[in-house]
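Going in written order, the chains are labelled A, B and C, and every chain counts its residues from 1.
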């Protein structure tokens, strides 16, 4: 029995069934099938949401080993777990017990710790991009010169001081956006749509199995 | 060490310090540089002005905390524009942190006191829907079924007057999206634009702008605010200056710094090349 | 008092991240660990709230719906067999459901939304616009550039050896380079916009709390003192 359940054909058949359940009702008008597809879609969202604890479990598995062995930086792992449990427990959706998004501790953790950390993490890239532009952005050949030129012109367009000095930067920037950029992206969109369709056909034929790999780590 | 060698081997922390100065100084001491109004902000403004009163507009938060500095000013300006008219506004989020960002918007804007808007009649917040594109599809088919409880009062969605005639995507007259990545425009176009023909306008972070251009050209996207500079222009048009306008001088100085550094870097490169070849 | 504490905590964590610009250091590691923990915990709270709202909505309305909800939770529990060496194959079943539904959903309209509409948009561009030579020129350029870029990524049949393909490849590369330069320009805007937003908070620019400015100056001096001081001491010893 276990050997039968282990067969990779089972998830492949499930994938094909779920894919066809969404595609067929869209193109062929069969009201009961359409209703089943809608209900299944809402049901599937519940199944997907149930995977929410995987991240928590993975982190606890990895960091508890670090803490146990007192490896390098184990105190950071302690800190991580403390804050994870703090926001999780205070944010549990039980408003009857004073928990949830109106809980003062949850609000404090979200507003004063999560918000600044989340905002700042991505803003630091501004410095790296400036440094990289100074060190690596070189007009070594025609292609690199084109990237450099269009990049600088777009930076000029986005800087109000430059567009005030010469409004032509706006015209040039708009032209770069409307013509070469739009052409490139249109080709990318068409190409990626073709790629997605090919991937879907491969999945329906059971040839695409990459998503079935992994798992089994304890 | 020659000047060229110094330029090549400069510690990158000096560049970081220059970037700090280029941003902090104009913020602390505004230069008052003028902002010229571009076609994108004008188009976005005119699009909303062209929507008839009483229309149902769905605003979707397709961004979270990470993009707040760039998109929050636009969000505030857009809500100011929408709440200044007689529209029915329904707020949803495809990113988990969307509702928390909306909480911050509400705290600042106070729609009841400032605009006389009644929750449940003039506007409603339905919260976050799961599973990205599949969630968008489910939302398009049945809004109240996908988001059965409102976010603010925690009551059944169907009980609010604003939702009485709003069941599916066909009942939405305009979709306004603030985006930072996936899920975003392509997903909305696939699940709302193409099947239901729902018109859409959006504001997005600069990184996303290039990939949006083809949708703008085909008309699948009605109007676009591409980044913070255009948000500042939009605030100027609305005569409602906010954080975007306050940041415009810093944008100018930081971009000027990047331009100068690239020019210096390339000048040093060409000088070293010609010095090496002679 | 809580607000003031909140402002100082916000500034502390903001500057702790920025200390990475000096070099990797314990302040940054603290902020990084805290962020990882809080982000993971926050995601779970939002998901659990969603499940609760779904239950109080349509899924508790009839016996059939309640059974379906319970069945969804049971199937959802299969995700956690990912951690079992013996039964790990069971986690593929809910994964197959998600992947299949997601592919089906995207495939419904991708042909119209991304393929036919873009081709339609391309074909409908008029090559000659009366009284507007610039638009005509732009449309002719687009009519040339888009097929060139598409053909650049065509790898079947060794077509790139033909003479005409070399010209097409060149046009495609130049088009893409100009397009990517545009992407660079907008990337600079985004990254600096994000930094400017944080800087506005640190300087206490309204509507941000004005107390943040004093916190910024104090904590920045403290961080710099510890980082530079540590380097100086390390150099001396």
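The criterion applied here is as follows: contacts are C-beta pairs under 8 Å (C-beta built on N, C-alpha and C of every residue); 3 or more make two chains touch, one makes a residue touch a chain.
Note that the structure is predicted; figures quoted are calculated from it, not measured.
**Q** Classify the chain contact graph as line, ring, star, complete or other.
**A** The chain contacts form a complete graph, every chain touching every other.
**Q** Out of every possible chain pairing, which has the most C-beta contacts?
**A** A-C
**Q** In terms of CA centres, which chain lies closest to the overall middle?
**A** Chain nearest the overall C-alpha centroid, as shown: C.
**Q** Please tell me the distance, in whole Å, between the geometric centres of chain B and chain C computed from their C-alpha atoms.
**A** 14
**Q** Counting in whole Å, what is the centre-to-centre distance of chain A and chain B, each centre being its mean C-alpha position?
**A** Distance between chain centres: 18 Å.
**Q** Would you mind pulling out the distance in Å between where the CA atoms of chain A average out and where those of chain C do?
**A** 6
**Q** Among the residues of chain A, which ones contact at least 2 other chains?
**A** Touching at least two other chains: 41-42, 44, 48-49, 101, 110, 114-115, 118-119, 121-123, 126-127, 129, 133, 148, 152, 155, 158, 177-178, 181-182, 184-186, 188-189.
**Q** Find every residue in chain B that makes contact with two or more other chains and list them.
**A** In chain B, the residues touching two or more other chains are 16, 19, 66-69, 97, 130, 134, 137, 145, 186, 206, 209-210, 214, 217, 227, 229, 251, 254-255, 258.
**Q** Note the residues in chain C that touch 2 or more other chains, in rising order.
**A** Those would be 21, 42-43, 47, 50, 53-54, 58, 101, 105-106, 108-110, 114, 118, 121, 179, 182-183, 186-189, 192, 194-195, 197-198.
**Q** Which residues of chain B touch chain A once you look at their complex with the stated criterion?
**A** Checking each residue of chain B against chain A gives 12, 15-16, 18-19, 33-36, 38-39, 64-69, 97, 99-100, 130-131, 134-135, 137-138, 141-142, 145-146, 154, 186, 206, 209-214, 217, 227, 229, 232, 248, 251-259, 261-262, 264-266, 269.
**Q** In their complex, what parts of chain A are in touch with chain B?
**A** 38, 41-42, 44-45, 48-49, 95, 101, 110, 114-115, 118-119, 121-123, 126-127, 129-131, 133-135, 137-139, 148, 152, 155-156, 158-164, 167, 170, 174, 177-178, 181-182, 184-186, 188-189
**Q** In the complex formed with chain C, which residues of chain B make contact?
**A** On the chain B side, the touching residues are 13, 16, 19, 23-24, 27-28, 66-70, 72, 96-97, 108, 127-128, 130, 133-134, 137, 145, 147-149, 156-157, 186, 189-191, 193-195, 205-207, 209-210, 214, 217-220, 226-229, 243, 246-247, 250-251, 254-255, 258.
**Q** Once bound in the complex, which stretches of chain C touch chain A?
**A** For chain C paired with chain A, touching residues are 2, 5-7, 9-11, 13-14, 17-18, 20-21, 29-45, 47-54, 58-59, 68-69, 72-73, 75-77, 79-85, 88-101, 103-111, 114-115, 118-119, 121-122, 138, 141-142, 145-146, 149-150, 152-153, 173-189, 191-192, 194-195, 197-198, 201.
**Q** Considering the complex alone, what residue numbers of chain C touch chain B?
**A** Going by the criterion above, the answer is residues 21-22, 42-43, 46-47, 50, 53-54, 56-58, 101-102, 105-106, 108-110, 112-114, 117-118, 120-121, 179, 182-183, 186-190, 192-200, 203, 205, 207.
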